[in-house]
Each structure stands twice: as C-alpha cells, then as structure tokens.
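Both complexes below contain chain A, partnered by chain B and then by chain C.
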Partner chain A sequence: MAQLFPRSADMWFRVVLFLLFGGLIALFAACVVLQRSDYRTDEGWTVDQPVPFSHEHHAGVLRIDCRYCHDNVETSAVAGLPPTHTCMSCHSQLWTGAEMLAPVRQSLAQGEPLRWNRVIELPDYVFFHHGVHVNAGVGCVECHGQVDRMPLMYKAKPLTMSGCLDCHQDPAPRLRPREAVTDMNWQYEGDRRALGEALMRKYHVRAGNLTHCYTCHR
Partner chain B sequence: MTTDRLSATALGHAALKATSKCSRTLRFLGIFRLACPSLATRSAGRWFGVFLPVCVLTLVAGCDQMARQPRADAQEASRFFPDGKVNQAPPVGTVARGELARDAVLAERPPLTAALLERGEERYRINCVPCHGLAGDGLGTVVQRGFPRPPDFAEPRLVQAPDRHFLKVIEHGYGVMYSYAARVKPADRWAIVAHIRSLQLARTADVKALPEEDRRALEARP
Partner chain C sequence: MSRADADPHYPGADTPHFLPRQMPLGEVSDRVLAIPVDFAPYRRAWWALFIFSCLLLGLFVASAVVVLWRGPGVYGNDNLVNWGFPILNYMWWLGIGHAGTFISAMLLLLDRPWRNSLNRLAELMTIMAVVCAGIYPILHLGRPWLFYWSAPYPNTMELGPQFKSPTAWDFFAVLGYLLVSLMFIYIGAIPDFASARDHARKRRYKVFYGLLALGWRGASSHWAHWRRAYRFVALLAIPLVFAVSSGYSFLLDLAPETGWHSTVFPPYFVAGAIFSGFALVIVIALGLRRFFGWQALITVRHLDVLGVLLLASGWMTAYGYFADTFIAFYSGKEHEITVTMARLAGPMAWSWWAAIFFNLVCLQALWWPQVRRNGKALLAIAVGVLIGMWCERWMLIIVPPTRDYLTSMWHSFSPTLWDWALFIGTFGLFLVPFCLFMRLLPMISTFEVKEALHRYRGGADD
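For the complex of A and B:
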C-alpha cells in the first residue's frame, strides 16, 4: 500500500500544533491587553453632546461649585445632571444669542429636557452611591480627576473594580475634610494617613466590610 | 481625547469592545481545548457532544449584556411613560412624605448657632457666590462676564429688610434672578440668611469692636 502521508507530515503536524498553541497564547495575551486598554474602560474619550459644555470654563475659570449643578451629590446615589432651569439661571442673561446655546433655549421653551449622553457609567450590576463617598470625605478628584481642566468631559480614571478596591482596602490616605470634597486643588502638607484616620473616626466610616462582594454587587 | 479620534475610530472601537467583552469566555474555552488531547484517547465522541454545547452556551453567556439591564435608572429616557422620562413629577395636588415638616421650618427662625452659620456659609458659597461674590458686594465671577450686577447686601435698604424678604427672594427669585427653591432646602434658606446677616455686619462693623486678638490678626494682613 502506498504511503498515505509524506515524510514531512509529522513535521507539519507539529508545526500546526505549535501554531495553534502559540495562537491560543497570543489570543489570551491580546484579550488581557484589550481588557485593560482604554478601549474597554473608555478612559480619556470624549462623547458627542447636544451642547459642548465646558467644565473648564464653568468650574475652573468661573469657579462655580460642582454642587451648583450636581446638587444631589451629597444626599443621593446619583449626582444628577442639571435641569435646563439651572443653565438658564445664568444664560437667560448671558450669551442669549449664541448658536451654541440654542438647544438649551429650545429645551426651556418646549419643556423638553436636554439629552446629555453619559460619559461615566458603571455596568448595571454594580451598586454605587455618591452621598456615602462625599460624606465620608472622598473628593470628586479621586474618581473624576481634574474636572476643572476638562474643556469636554472625559473619564480620567478607569473606574474598574480594582480601582474601587484599591481604595476600599485602605481609604485613610485618600480622605479629606468634607469642606474640601469639591475643591479640585486641595493640598495637605501634613500626614495624609493621620488626617484620614482622624476623619474616619469623625465621620464614623467603617472600613471593615468595604471589600465584601455585596458592598458593590447587590 | 478629541472628538476626531472618536469619530474616526468609532467602528473599530465598537468591534474591539465587543471582542473584549467575550474575552473571559474565550480564555475559558482555551483551557478546555488544552485539556482535549487526554480526553481524545477515551470516548472522544461523547465528550465532544457534551463539550460543544457547553462551549456555545458559555460563549452566549459571556456576551450577554448584564451591564445594561432593562430597568429604569434615574434621569434615563423611558419608553413606558408618555413624556419619555423616567423621573416623573408627582401628580398635581399630592404632598410628598415629610414635605410639610420640611416647609414648616420656614415659619420660625431657628436659633443662631455656630453650626447654622457654618452651614450657611457653605450653601452661600455653592449657590450665591457666582453672582453675589464672596463678600456679598455683587461682584461675582459671572457678573464680571456681563451678568447684571445684583445689589450690594450692605446697602441700607437690604440691611433693614426683614429676614422674610430674603427667604422670599430665594424661593421665588427677584427680577432677573431665578428661583433657588429647587436647590436650596427650607432649612438651608435660614442658614443662608444668617450668613448674609453676618456679611452685612462684617461690611459695616467698626474695627475697634473686634476682640483684641482678631483685630491684631486683621491689621497684620497686608
């Protein structure tokens, strides 16, 4: 009977096996890299909005406090995007003819809310609460970065599970007095850990079970 | 970080995102495939019959979008309500739980405490400073950009105005100033009035009336 396989078949078989194996490893590596890249975390990407609202201008140059617009941030789970009424408390008098602000005026006239596209959003299976963090003395900067220098909003920190856990394991060195939570440029010369530990006692922060799965997945 | 980058690669972005969402599943499958040779020697056919559906199922499960669940989150759009909003206004004539108690606070002035003044200063800085300025002189940052200048709180007319007047301005607005009722809770309105009173005092008080220590600290400033 003639040989079914040439002599090189064995070699080819090994090459193919090797390539398959190598390919699997490469695929695995690619997945790991992708998983951590800003493609998945959306870090640093801006989003198209109906009005090109600038935090740099309003929170930075004009020094308007975050809570002027995000007024629920201390009391509720969501910080809340401002209603048109809030924009119009200034823009009823300022830049009243600007083309850029036409959607805002139209929204007020027709009673239709502006549809902002969300920039920072967790998956629905994660529970998050702003009030708890703000009242424990976690500054906006810790999670949102230097918002007062963002001409257009983008995600400055990846906000992955490991990011949350890094702080939940040891929140003390990242806490600040409640008065400074919206201050983007707050600095402290002394020992942050000592300050944080004092604040944890003052604000009754219980760090014990913050890393339990049910804290964030419930 | 620019919109250009976004639009140019929007398609690639979407595709890559979909791939990465399945990455865990693919990793999982990889482990199974490595284990296959040892299985092949035995009843490979039966194993394969079990293995293939498991693969397909895990692949499907891995790509399931638990991240966007069909539930109503605050401020989202809704297809259920006719006005298209998740956040619904309460029906006309209803009174929210605790609302009467919150409003009852307005009837009587709370006792003047350090905590009230502190709260008042914080709320004033958040809601009023952009226009009325830190000192209450009506020279906030927004006024410097062309917003009509509000009156100076140290004006005799406003020094003599009763507390009620300030409460009413916060609740209903005044002239070109909009209402702040939605953002400043009734209890905080009293706190803000207390702070405005202290601003008025600070602008008109005599330096000699200060305690010795404070006066020296003030005079030491350039």
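For the complex of A and C:
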C-alpha cells in the first residue's frame, strides 16, 4: 500500500503548527503594540475643522486665556465650545472679509452654530468632569499638552485609562495653584510634591478616593 | 458491587471490563471504527437528529443576537435578582461537565477497565457542557464583547482581573477546565485516530484521521510516551474537578447574600456536579447504545454500575441539602431562617421540593437491580435527576435574592421569553457538535477496550 503522506509531511506539519502558534503569538503582540500606537489613540493627529482655528495664534501669540472661549470649564463637566458671538467679539472688527472666516460669518448670519469636530472623545462609560479637575488644580497642560504651540488642534497624549490612573494614584506632583491652571508655561522652582500635598489639603483632594471604580464609572 | 451479586445470566457479568470474556477484538473495531467509514445504516436517523439540533442552535443564535442587540434587559433579572437565569444555567451546565472528567480520569487512575466503554462519550459531553456553560457569563455581561477584560493581558487601562469579582473566577474556571479537557480527550484519542485512519477507505478520511493521529505507528516508544502523557493530564484533570466545582460554590460566597454562605457548599457542589453529570452520561450512553446498536459494548452491567454511581452521588448531594438546611436553623440567625423558609415554603418552594422529589425520592428506585438494568427506567430517573438538579440550582441561586434584608425589598422573579429561548437554544449548542462527533469520531475508545479484553483473557500482559 502506498504511503498516505510523503516523507516531507512531518516537516510541513511542524511548520504549519509553528506558524499557527507563532502566528497567534504574533497576532497577540501586534494587538498589544497597535493598542498603544497613535493609530489607535489618535495621539498627534490633527482633525479637520470647518475653520482652521489656530490655538498657537490665539492662546500663544495673543495670550487669550483658555476660559475666554471655554467658559464652562470651571463649573461644568464639559469645557464647552464658544458660541459664534464669542468669535465675533473680535472678528466683527478684525479680518472681517477674510476668506478663512467665511463659515463663522455665515454661522452668525444664519444663527446656526459652527459644527466643530471632536478631537478628544472619552468612552461613554467614563464620567469626566472638567470643573472638578480645574478646581483641584490640574493644569490644562496635564492632559491637553502645550495647546499654545498647536497651529491645528491635536491630541497631545494618548489619554488611555492608565494615563488617568497614573495621576489618580499619585496626584501631588501634578497639581498647581488654581491661578496657574490655564498658564501654559507655568514653572515651579521648589519641591513640586510638597506644593502638591499642600494643595491637596487646601482643595480637599483625598488621595484614597481617587482610584475607586465609581470615581469615574457610575 | 462485588462479583457475587452480579447476575450471571448476561454476558460480561463476571469480567472487570463488563464485556463478554471471549469477545473478539475485531468485533470492537467493526462496531466502532466502521461507523464513520460506512455510515449508511445510520444516515437517516442522524440527519433527523442533526436537523433538530440545528433548529435548536438557530434558536440559540437568534436569542443571543437579541441579547447582544438589546442588552441584558431582555432577561428577567433586576436589581436584586441580578444573576437570574443566566447564572443558574451556567452552574447547571458547568456541573454536568464534571462527571466526564471524573469517569475518564479518576477511573483511569483507579484502574477500572469498564470505564473504557464510557470515557470517550463522557469526555465529549464534558467539553460541550463546558462550552454551553462558558457562554452564559459572557452573555450575562452588560457589554459582552468586552468579556476579554477579565483575562490578564497587557492593556492600556492598567486593568487586571478583579479577583473580588465572580466574573474573573468564571473566566479562569471555564478556560482552565476547557483546555485540560480538550488536552485530555485529544491525547486519549490519538491511538484511535490512527486506527480510524487505517480503517478509512476514502482518501480524504485517511488524510483527516492521519493528521489527527500525528503520525502514530503504534511503536512501543509511542505507547510509552502516550501512557505517561495520558496519565499526567489525568492527574491534572482530577484536582480540577474538585477545584472548579468547589470554586463556583465559593463565588456564591463572594456575594453578601444570606443563604449562600453555608460551609457545606464546596463538597455539596462537587457532589451535585458529579451527580448531574452522571445523569447526562446515562442519557447519552443509553442514546448511543440504541442509536448505534452497541448493546454488546455498553452492557447491562455498565448501566447497572452507572445507576449505582448515580445513587451514591445522589445521597452525597442529599447530605448537602440536609446540612445546608440544618445549619440555617442551627445558626439561629433570623434572616438565614427567613431565606431557608422561603426555600421550603415560599412562593418558589416548588424548586426545593422538585429537587427533593427527583434527586432523592425517585432516585431510591435505583436500589433495585432490576431498575438499574432496565434502560427505560434508568433513562426516566436520569432525566428526572437533570430536571431535579436544575430545580436545585433555581432554589440555590434565585430564591435568596428575592428575600433581601429589608422586607420592603422582597419580590419575585420570572424568566422572560428570551431567558427560556436562550436556555433551550443551548441544547442546540450542545447537540450540533455532538452530532458531528458521532459522525466523525470513534465514540468508544476502541484501543482501550481491546487492551482490557486482551488483558483479562489470560493472554500476554500489557
């Protein structure tokens, strides 16, 4: 009777098994790497907007405070986007004929808000409150990066859950006085941890409570 | 049972493998290995069974889609009875799985050659029961597609398994049990795949079994390695039977729920698991015996000993009922007694009394050898035990949350249409692969049967 398998069958069988298990391991490794890559986190990628608004120009060069436009940030869960009237407080006088600002004028004329595209989107099962963080002395820079150096807005950090937890497990070295929250270039010469610990007492930040599941997931 | 009280009038009454002493080895091969090669005699019945199973599987898929689409709100669960049907059915199926490993691994190491006629079907039952069980904790999640979050893997959430949560325990229990069972059945079947390869006539079957047989030639070095590997995995599997079934009794303890904290739970659950599994082994053994006409391979004496095992494990489970109830009253704690009284005389008392009726009262018929050796009677008792064990899980899991600490929170539970549809559908999930196994695999471990026949014939020893 003829042999069922050729002599090389054993070798091929081992190769297939190796590729199968090696492939599974490679697939797993690829997922682990991809999860951290900017492809998945969108870190550093600009988002197309109806108007190419430059934070570098407005917040950096002109030194307009963040809260001039994001005026809910101290009291509300969301920082808020400005109504067109806020843009027009300057642009009714400046660059009134600029091609780039045509959608802003159209928005004012038609009473339709501009539809900005979201840059940072947290999952719906995360409860994040801007006001709580700002009042606890977390600087805008901690999550949003140096916005005053961004000609077009992008995500500066991956903003994964482990990023949230890094701070929630040890908030002290990342806190600053409330006055300095929106300062993009704030520096502190002394011991940042000692300052942070004093601020935690002052702002009633209780470290033990920050890592309960229900702090962010309700 | 001793040999003396075995009825000498049927073949196999006096042999350790329960088969006729002079049964030719070729007959075993002809009856088992010839089935996939020449399936014609069974084709019609098989297709009928297969189509029926596919309909059940379709019901399962449809209800799983409804659960995924509309969320766990389709279950009858609410804030208090938050485990409800899915976890009840999970425990029922997972318990059933344990008997397969018990029959295969424990009786292998105890050197009981009669197990050889039953171990393959019991192991296949184990695997499919564990799959049916494992699907439930997943479908019970709010976001089932994120079930892999209970696995320890490097993620960007700094999240590991929460060992305070039963979900993590379910994950390890099901995965560990499934992997060891798969390893055990596959290693145990390699020599049979080789015989199936040699029996096959069509080339595609030869290649199929040839690949599964991993180049087995029956060399003595093969057998030496095989023996070591098989016993090694059996040794891994036996602690799992006890660890997993007592483990899921502990996960009831994780909940602050009166009625789930009796110290008898681990042995009570081990016994209950093996008990319900023996019942399903009996149903499947009787089914295959009739389907393939295997009266010569699964003999009356096999039925007899399965009946004895069912009776023994039934009494062990019954000890759990008594101890659990006794301790509740002995504790003197008012709420313990309230919950126990809800089990005994509340609106869901039917579940307790059905468990007692099927698992204890009806079971006593097995004291009579005539009942154990009568296929129909044994089948009726085994099906009764499966129903009784399901009622027991109801009594254990559903009743305590309906009697919360505050009387104002007392309420009831009723499963919804989709609860039932999903449960009935899991029988399809069980039966469809089982039908395919019947079509393609040797459902009796022929080489182990032949080895036992050879050994007790007075031939050369193994």
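As a convention for this text, the second predicted complex is superposed on the first by the 218 of 218 C-alpha atoms of A that agree within 3 Å, B and C clash if a C-alpha of one lies under 4 Å from a C-alpha of the other, contacts with A are read in each partner's own complex, and residues count from 1 in each chain.
Convention: a residue touches a chain if its C-beta (ideal position, glycine included) is under 8 Å from a C-beta of that chain, and two chains touch if they have at least 3 such contacts.
A quick note: this is a predicted structure, and the numbers were derived from the prediction, not measured.
K.L.:
Tell me which of chain B and chain C touches more residues of chain A.
P.N.:
B
K.L.:
Would you sort A:158 into first (chain B), second (chain C), both or neither based on which partner it touches?
P.N.:
In the superposition, A:158 touches chain C alone.
K.L.:
Is A:10 in contact with chain B, with chain C, with both, or with neither (first, second, both, neither)?
P.N.:
Second partner only, chain C.
K.L.:
One more residue to check, A:24. First (chain B), second (chain C), both or neither?
P.N.:
first
K.L.:
Is A:35 touching anything from chain B or chain C once the two structures are fitted on A? First, second, both or neither.
P.N.:
The answer is both, since A:35 touches chain B and chain C.
K.L.:
Contact-wise, after the overlay, does A:89 reach chain B, chain C, both or neither (first, second, both, neither)?
P.N.:
Touch status of A:89: first partner only.
K.L.:
Is A:206 touching the first partner chain B, the second partner chain C, both, or neither of them?
P.N.:
neither
K.L.:
Is A:65 contacted by the first partner chain B, the second partner chain C, both or neither?
P.N.:
In the superposition, A:65 contacts chain B only.
K.L.:
Looking at A:218, would you say it contacts chain B, chain C, both, or neither? Reply first, second, both or neither.
P.N.:
Neither: A:218 stays clear of chain B and chain C.
K.L.:
So chain A touches chain B in one structure and chain C in the other; where do those two contact lists coincide?
P.N.:
Looking at chain A, the two contact sets intersect at 28, 32, 35.
K.L.:
Which chain A residues qualify as touching chain C in the complex?
P.N.:
4-5, 9-10, 13, 28, 32, 35-36, 41, 158, 160-162, 165
K.L.:
Chain B touches which residues of chain A in the complex?
P.N.:
Checking each residue of chain A against chain B gives 24, 27-28, 31-32, 34-35, 37, 39-40, 44-48, 61-65, 67-68, 71, 77-78, 80-81, 83, 85-86, 88-90, 92-94, 113, 115, 123-125, 152, 154, 179.
K.L.:
Which residues of chain C touch chain A in their complex?
P.N.:
For chain C paired with chain A, touching residues are 153-159, 197, 206-207, 210-211, 214-215.
K.L.:
Chain A touches which residues of chain B in the complex?
P.N.:
Interface residues on chain B, with respect to chain A: 1-3, 5-6, 13, 16-17, 19-21, 23-24, 26-27, 30, 33-34, 66-69, 71, 73-75, 77, 85, 122, 125-127, 129-130, 141-142, 145-148, 176-178, 182-183.
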